[in-house]
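Right, I'll just put the structure down here and ask away after.
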Amino acid sequence: MTIKIIMDTDPGIDDAAALTMALNDPEIDVKLITSVAGNVTVDKTTKNALKIVRFFNKKVPVAAGAKQPLIKEFEDAARIHGESGMPGYDFPEDLPKPLNMTAVEALRKTIMESDEKITLVPTGSFTNIALLFSEYPEVKDHIERIVAMGGSLGKGNMTSAAEFNVFTDPDAARIMYNSGIPITMVGLDITMKALLTPDSLSKLEHLNEAGKMLHDIVIHDGDNSLNGIAMHDVNTIFYLLHPEAIKTEKMWIDIVTDGPAIGETVGDIRGAYHDGKTNANVCVDIDAEAFNKWFLDEVSKINM
Amino acid sequence: MTIKIIMDTDPGIDDAAALTMALNDPEIDVKLITSVAGNVTVDKTTKNALKIVRFFNKKVPVAAGAKQPLIKEFEDAARIHGESGMPGYDFPEDLPKPLNMTAVEALRKTIMESDEKITLVPTGSFTNIALLFSEYPEVKDHIERIVAMGGSLGKGNMTSAAEFNVFTDPDAARIMYNSGIPITMVGLDITMKALLTPDSLSKLEHLNEAGKMLHDIVIHDGDNSLNGIAMHDVNTIFYLLHPEAIKTEKMWIDIVTDGPAIGETVGDIRGAYHDGKTNANVCVDIDAEAFNKWFLDEVSKINM
Amino acid sequence: MTIKIIMDTDPGIDDAAALTMALNDPEIDVKLITSVAGNVTVDKTTKNALKIVRFFNKKVPVAAGAKQPLIKEFEDAARIHGESGMPGYDFPEDLPKPLNMTAVEALRKTIMESDEKITLVPTGSFTNIALLFSEYPEVKDHIERIVAMGGSLGKGNMTSAAEFNVFTDPDAARIMYNSGIPITMVGLDITMKALLTPDSLSKLEHLNEAGKMLHDIVIHDGDNSLNGIAMHDVNTIFYLLHPEAIKTEKMWIDIVTDGPAIGETVGDIRGAYHDGKTNANVCVDIDAEAFNKWFLDEVSKINM
Amino acid sequence: MTIKIIMDTDPGIDDAAALTMALNDPEIDVKLITSVAGNVTVDKTTKNALKIVRFFNKKVPVAAGAKQPLIKEFEDAARIHGESGMPGYDFPEDLPKPLNMTAVEALRKTIMESDEKITLVPTGSFTNIALLFSEYPEVKDHIERIVAMGGSLGKGNMTSAAEFNVFTDPDAARIMYNSGIPITMVGLDITMKALLTPDSLSKLEHLNEAGKMLHDIVIHDGDNSLNGIAMHDVNTIFYLLHPEAIKTEKMWIDIVTDGPAIGETVGDIRGAYHDGKTNANVCVDIDAEAFNKWFLDEVSKINM
């Protein structure tokens, strides 16, 4: 049985890899892709999403979303993802058109018209999701769960407190975590552990054209190191397909929307401050070797 | 020349009076009415808006808006406005239907399709406005200005810090004040001064059917006192038509979205903390006698 | 029976007037005066307190206190109180020496060695009081109550939210309000109403030498208006002696220590948000005529 | 040349070990020990400090400090350190008396009377330090630097955001970080890495009586694991003596005093948000093997 998902995304190098996995794995059925400002502006993330869809000749619709966060000033991550957000590979230029409606409208329509509940997979900032829940709260009953890349129990990557996706729009993150929908937090606690190793990377290049494309953009990631490259957003898809390889803990997560820790996901790790209640399923450990193996397998199976 | 406005409202007794003035004054052209949760739930505020439109046999469309604030829990004011939000008068039951689109969609469409810039007159919490600006930032260039009931430099009416409309959805208020659109704050500083006097109230009852309707609902206001009844939202319309009767000061307004002062509009009254910059035009004094006189004149001219 | 008090003060024009009343009224026994940075630096407030003690030839000891707030940057009010803090009158230069211990040490010693419980009357920022309670919590059981000038339910005088004394050191104010000691808040809600009228002021000048001194410094107050001059700190002494002339309400007061409303005293005026609990007795109305009459009577009785 | 230090401490198992090192290393001259509420109440931490001084027959004076944090409610760590704070060893009962003055007074006197500048080594919450700086700001010029155990760039141990010492009194921590004195943050980033290994622990038991004492209390630490036991406070002394074994980075540290991340030390790890300014020297990596070796060497050299 396939998992019906919507990807809400800001490609971005790792988003492109996550889209690649989601669009090509037979167990996943991507009903819609929505874009959001994040790694680069929403014009670019929309175009990048269309490039990936076109590259794999898929029919998945793409809808353009929020141009900026709800309250906080927009601050991109072009220092990591390059000016275009997805540098290093020549994609075809004959791109499909995005839908003639906003991400919020497309999300509502897709969710309400689906005969099965949908799983939301946001891998950018959560502005579209927040707007959707605020304008159309009735959709909440039609969402199976949320598997969101963002946050960190340990060290952040913007300040020591905050991870990029939550930092970009903390108010939206707070609205999403307040929604009452089951949510799994895929944060830096695992994505900084499941690095794509140099060995995996060199194998990737020669697997097939999909592998070459991924290789060529991944090596442009500004955050690479000797030990490997973090594939942040890809961990959401890996978790959907292989939850057995990731350890999770239920806990209460609060989102900080003000002050020096703005954008932080604070976990009540000792269960001491929320009367024993939890509101999230937090990924705390991952089998990094299994992740690397799966990543290569997944790409090797892509027929284009 | 008429002023083209959109009323975003949560009737509510004083909202009903504000709608009455706006719908019937020849200098004002109401292009759209949008409803929002506030004094009572959005189902009721939508119905109440339709009742007023129907009562005056107007063709103004009504679109239903946000069911709850962006982040803060919804807390109504039925203790002031009664369970229905507009008690004390038997309105016709054959109501028009609201538009088949949300307030946000109707706002976007009306603003973008208007050949002149629109003045927004929000007299409830600012959730619809915040969602509109977040989802469709392009509308900002097509808005003339915002004249919003809400806030207080002096004492609030929820806590000593916070006025009801801002308190209901402080995050939305912050988004609205951050929009860059010229905004006039019509707050308790004038609305608690321009009370409808007992004398005005007894005259109102016998002016005509509109006067009787207003009288009958106004006397159900839970906040009345010996000195008169505050007509909060009506001050926005009075300001549009008679700015000469209201004293304003430009200053910087910050919105408090957290902590004990949540929902407060903090004015930099000494101009000491924002490098001389201002972001709002704040109503600080009003000619209460002129307000009463205008109120009665306005109602007396209504032909039904 | 006399009321044993300690004045913790930052003279300051109105502080000088409050000291004048306290030192000369036979029903009040001032055991100690402690100074704090506020209207001007602590060097100056200490010297000004000594000037008043010397002027009236009293033996009350003076101890110098905190040079700056606990956390917030120090910001004086010399724009209101002049460079010296107490301009306009030539005081004798042969001043007594302050105690050879800090305000905190002197407060502890005086409170613990008193055979009766002491009433604290802080009319500056609350830094000394906060330090005292933190370093010597045992003193709390020996304090009858606190009657403190500071705060506002309505409009502040620094921002629209914050009154000067609380704004100067909000963290100290929070510690004081958390102490569990009965506290009466004498704020702008009454001090901006009980103005010393121009008529009172002209009578004051000719009463006696004390009256002349007060007149000469009061007319240098930078905040005077046509309607009169606020005698903020003096209201604490008036309240001690004539509680019947001031209306109070019990409510919960929260102190804002961060964000745009920093320094505000937020009152739960509807009793809606603290489970019916209260932590302060708040002055909400005053008989301004009685205040003026008492002020002149009090000064006229001073024999020097 | 010896390093003249004051230990401000809440023993506590790891505090006891830190005191052991400081009191016995010939390069360190402990001028004063002050106690503070933290792991257990201040009565117990004072007694525990005296036990260590007595155990080693040292003459170092001990002064009792703050009973509770400045603002936040006191929350001990008896779950980790046992009811007594230092369980598992029978210390002599004939203890010396603490000084007849508070920690703040003793700190002031010791610092001001020293002919050389003093290094402060706080290993509990920072309440005494905050009170000292607030009441006697003149001491700041006589302090060489602060080497403080507390905080974390990565995961905390109270919430995911906050480490125990900073969490206990975040307002005091903020005052300390605002003091302008050079400060080194010895936080969980190194103390959770330099674990005392099971092998070190078994060697420790048989070194000498000091080793046996440390072994017997350390094995009662409630936070031990298979990999070893964190010796948090001891890292401050190791850093004083062997800075070459610890990697530090200069950055700006903000302290969170409110909201869900209360008690967090937020580091501007990318140097992006404070105009290139830094206010702390933060320990980010440590040679854990060198730490273990030094620990055993240090204890082995103790002659009693």
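Order of writing sets the chain letters: A, B, C and D. Residues in each chain are counted from 1.
Criterion: contacts are C-beta pairs under 8 Å (C-beta built on N, C-alpha and C of every residue); 3 or more make two chains touch, one makes a residue touch a chain.
To keep track of the chains, here are their UniProt names: A, B, C, D = Purine nucleosidase.
All of these numbers come straight from a predicted model, not from anything done at the bench.
A.B. asks: Can you grab the rotation angle between subunit A and subunit C? Superpose on CA, round to the nearest 5°.
C.D. replies: 180
A.B. asks: Name the chain whose C-alpha centroid is most distant from the C-alpha centroid of subunit A.
C.D. replies: C
A.B. asks: Please compute the C-alpha centroid of subunit A, do the same for subunit C, then give the distance between them in whole Å.
C.D. replies: 57
A.B. asks: So, what's the distance in Å between the C-alpha centres of subunit D and subunit C?
C.D. replies: 40
A.B. asks: Scan subunit C for residues touching two or more other chains and write them down.
C.D. replies: Counting only residues that touch two or more other chains, subunit C contributes 258-259.
A.B. asks: For subunit A, which residues are in contact with subunit B within the complex?
C.D. replies: Its residues touching subunit B are 66-68, 70-71, 102, 104-105, 127, 130-131, 134-137, 171, 174-175, 178, 257-258.
A.B. asks: Where on subunit C is subunit B touching in the complex?
C.D. replies: Listed in rising order, the residues of subunit C that touch subunit B are 153-156, 158-161, 254-256, 258-261, 264-270, 272-273.
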